[in-house]
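Below is one structure, written out as structure tokens; the observations come after it.
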Amino acid sequence: MTGTGRETTRGAARERGSARWEARDGARRVTEGSPGGIVLEIAGLCVDYGDGPDAVHAVVDVDLAVHRGEVIGVAGESGSGKSTLAYAATRLLRPPGIITGGDAWFYPEAGEASSRLNLLDASAETLREIRWAELAIVFQSAMHALNPVLSVEVQLTDTLAAHRPEMSAAARRERAGELLEMVGINPDRLSSFPHELSGGMRQRVMIAMALALEPQVVIMDEPTTALDVVTQREILEQVIELRDRYGFSVIFITHDLSLLLELADTIAIMYAGRLVEVGPAKRLFRSPRHPYTLGLLSSFPPLHGEVRALSGIPGSPPDLRRVPSGCPFHPRCRFSLPRCGEERPQLVAVSADGERRVACLLHDGRQSPPAELGNPDAGSVPVAPMAAWGPDGPDRSLPPLDDTALSRPEEGVTPHA
Amino acid sequence: MSYLGRRVGFYLVTIWAAITINFLIPRLMPGNPVQLLIARLQGQGTLSTRAIHALSVAFGLETHQSLVAQYWHYWVQLFHGNLGLSVTYYPSTVVNVIATALPWTLALVGISTVIAFVIGTGIGILAAWRRGSWLEAALPISTFFTAIPYFWLGLVAVAVFGVVLGWFPLSGGLGQGMAVAFNGTFISSALYHAALPAVTIVVTSMAGWMIGMRNMMVTTLGEDYVLVAQAKGLSERRVMMTYAARNAILPSIASFALSLSFVVSGAILVEIVFSYPGIGYVLFQAVQNEDYPLMEAIFLIITLAVLVANFVADLAYVFLDPRTRQEA
Amino acid sequence: MTTTVNDLSPRSELVGELEEPSPVARSARRRLSPKIVVGLAILGFFVLMAIVGPYVAPYNPSALGAHPLAGPSSAHPLGTTQTGQDVLSQLLVGARSSMVVGFVAGAIATALSIIVGISAGYLGGFAEEGLSMLSNIFLVIPALPLLIVLTAFLPRANAIVIAVVIAATGWAWGARVLRAQTLALRRQDYVEAARSVGERAWRIILFEILPNEAAIVASSFLFTVLFAILTDASLAFLGLGNITAWSWGSMLYWAENNEALTVGAFWWFVPPGLCIALLGTGLALANFGIDEFINPRLRAAGLSRRGLQIASRSHGLTPVMRRPTGSGGPSGTGSIRLAEDAPGVAAPLSFDEVSGASPKSQWAPAGGSRAPEGGGR
């Protein structure tokens, strides 16, 4: 590619970007329906740590699409690349992280490919405009994510000041107060400093901050890991309630698959920097297709229903500098075939509707998959993402603890539907 | 107790400790040299009998008094502002000598320390922000400046800019025969004389602030809240100053005590090299003339000045870090 | 033994992925930082000079010569003093005294700071309050004026006495840092475990705590040596140290007293000061390297200097450096070149930090389903 060509496209992208952000208004959301088109599409994303010969390939060729209003859960062990994926897509990954390939398309108008914008090619200014206005992040530890020496008010209003310069200081302050109220905190707390708030309140402040500009996508990086179980639950309920009210999409990163079981519409499982299985949450739980997913599902006790034997996964995650050949999971896989050590499986559709994808040679049709990985799947029944949440009702909050109707992984054992 | 309350308490204890050290040194050292001094002065007849008596009381030669009684007496004298007579500047009192010299030092050391802190911290911020740039590459070289003896750099500066080039005066704080008066001639002459010593202090102390700030800034840039600020789409300037530098500067201010102690020690020597009419030069005179009362008083006054400066740093810290404002 | 995914520590993910990808960091740790290497080399040079200096000195440093205040010549490479003494010989002989003071003071002060710092951190309670108050007082009282008063009262001091006095005022910084580190280590599980099985305190301190503080101890030692050498020179310069023996400080004292400055005898006062500054630079560099060792964030592991430059040219904007088309795909380790390294060349790889191009066509996936997911919903 020649230099001039790039210049031109760059300029065009910037123009397109800024025009869009200036022209938009808040009314858009109300008119849109629930499961919408794509808002964020990650395609072939590759991320390295380091730029020398020792570079570690932390994310390899990941494809993932986020739909409007969808909660997509990304799960995996430590070092599986799930956080790296999310940070790289927003280009917030820190040195020595480097994006070495792929695209991250953002669709300002969900589903409209004509207006999409590649975040990986966007200029600093365009990205700065999109960030938080359209893509906000809630961090794992609000204790670390809030600046300890700035008041809550300053941290809420500076976002508004950066993105809505037309707002007066008084209006910004008022809006900051509203945001606190929205997450159930008294606006008096605006003048508080992070250390004066409890852990749960800090995380609520983070959520309020994330929603300050009504973004389309909120990335939540283990947002409740540092909290106790009760607070964790309250926060998750609030997130879901706000999602229903404002219709943003959530990319929920966690190592805790049991959380996703209650929360996510779609689940993506990562292993050694690769996506190994993607599918609608409920179907993935009932009938895991990848041996690793199966292992994850049987390594924690179900929150509801009967007690099962926990088996876990033997071995430990691979060293990213020495990823096993072929399928990276094969040394730990109890179903592994001789060729698993040689052929690298690709993520391919395994259900009739194409919604379920798995990267596993067991499903390549050359043999029938083991019984544990071959449970019937409700593949022919189209499942809208939000339907996974249960009955469509005014209240879409988390189900109460004793509700056993939802999300029982063991339901998959006895064929269902 | 509030943070500031605790700090004030600490400073009071430190002052007490400094005074007590001052009291104990002549009394605990083997072979009190003051005795020799007094014998010599008696022979010369330069000091009055009263002055010699005062000296022996102050330095524990009145052996008929118990140590406790001496200690009490010492405090009483101190509270009356009576630090004795200077041997060097006889018959001036120590207090008078210090009062004349102190403003020179406060102006020279105070202003150059502030300049060094501001420039050093500023460069440190930039070096951390632009990693891999020439500024950062220059960082190891700057360690050279932290290791230069202040007084030696002063000597070189005098040799080059004073002797060889003749741009600046070789010594003193004012032109020949000038008196302290607040008019243009005085101020320009004072600035002219202070320039070389001030640059020496700034050059040698700047690198320390710079390296400290750069390292803290790099560490702070790894904090989540900086990443959040970037994710929020704030301007680069705001992220750098309000989120990273504002937090990174806190340890610099907290460790002000240590750094200031270094700067003050260095500045004393710079004054000596330039024969600058401040406390350091007076201290040198006192050492040359075995003027123990003056030496001890200067130690006290420098300690006091450093404590006051630290208290100012504490106030700044409380202003900058809300966490110190909560009642513990 | 089976591993489950639920027992992960809360922040391990973030630390592991964002700050320090452990494999890279580990390999960086195996290599010694150039700062440490250069610093230690300078230090080694001066240690050698201190050891052999007196034997290789061409003249007796105190011997009066026939050529006073002569500039550098083949007979006197660094010229002569007011009384015709050989400056080079003084420099070589004086190295030993300066180094001895530095290292003895450093050793004593470090020992003191270990004792005070670790006891304060480990014992806790009243002892901690008292000891940390003590170190804070010593930290705040300006050292040089106190040393001047102390040495003025001492009968003519030799190098060791000076070293002891300097150590007495120079231990506080190390003690403070060690106290903080000990406090942190004491809460570590392995120390708690040792305590709970009734391990003796001295054993815990010696085998569990101290080894983990080695880097801090080393750093505080180097720092104190630097402080001691500078202070020793300052005291000698004031005429308070042992000015009758040759040291770099006493050389400067005699140079200053004999107006070396005003007569322009730079060969007399420049070398000793330069030696002090160079030795100090070595110490400070090694210390800098140790800091990077202790604090991984200072290292920027895994990035070349060029990569680091690009990464920090625009903060909060991960660089995009697409791999060349068809060089083995994402898992290949094909070398990454930055377009800017070869300006004007139509580089096969574009560094798209701010570019708006969409080199989709260039980008070669290793394969796999590239259809936008869920398009059929």
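Lettered A, B and C in written order, each chain numbered from 1.
Methods note: a contact is a pair of C-beta atoms (placed from the backbone, for glycine too) under 8 Å apart; a residue touches a chain by one contact, two chains touch by 3 or more.
Since this is a predicted model, take the numbers as computed values, not measurements.
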| item | value |
| --- | --- |
| Between A-C and B-C, the pair with more C-beta contacts | A-C |
| Identity of the chain that, by mean CA position, is farthest from subunit A | B |
| Chain centre separation in whole Å, for subunit B relative to subunit A (CA means) | 56 |
| Separation of mean Cα positions, subunit C and subunit B [Å, integer] | 25 |
| Centre-to-centre distance between subunit C and subunit A (centres being mean Cα positions), rounded to whole Å | 43 |
| Set of subunit C residues in contact with two or more other chains | 14, 18-19, 300, 306-308, 311-312, 314, 316 |
| Touching two or more other chains - residue numbers and ranges from subunit A | 92, 94-95, 127, 139, 141 |
| Multi-partner residues of subunit B (at least 2 other chains) | 131, 222, 224, 227, 229-231 |
| Subunit B - residues contacting subunit A, complex | 131, 222-225, 227-235, 238, 242-243, 246-247, 250, 320-323, 326 |
| Subunit A-facing residues of subunit C, complex | 1-6, 8, 10-14, 16-19, 21, 23-24, 27, 300-304, 306-308, 311-312, 314, 316-323, 329-331, 333, 335-336, 346, 350, 352, 354-360, 362-363, 365-377 |
| In the complex, subunit A residues that touch subunit B | 90, 92, 94-95, 127-133, 135-137, 139, 141, 144-151, 158-159, 162-163, 193, 195-196, 209 |
| Subunit A - residues contacting subunit C, complex | 1-2, 5-7, 9-14, 35, 38, 41, 43-44, 46, 49-58, 60-61, 63-65, 67, 76-79, 81-84, 87-88, 91-103, 118, 120-124, 127, 139-141, 221-222, 225-226, 255-258, 266, 278, 296, 299-300, 310-316, 319-321, 323, 344, 346-349, 353-355, 357, 359, 382, 384-385 |
| Residues of subunit B defined as touching subunit C within the complex | 10-11, 13-14, 17-18, 21-22, 25-26, 29-33, 129-133, 139-140, 143-144, 146-149, 151-153, 155-156, 158-159, 163-164, 170, 211, 215, 218-219, 221-222, 224, 227, 229-231, 236, 239-240, 257-258, 260-261, 264-265, 268-269, 272-273, 283-284, 287-288, 290, 292, 295-296, 298-299, 302-303, 306-307, 310 |
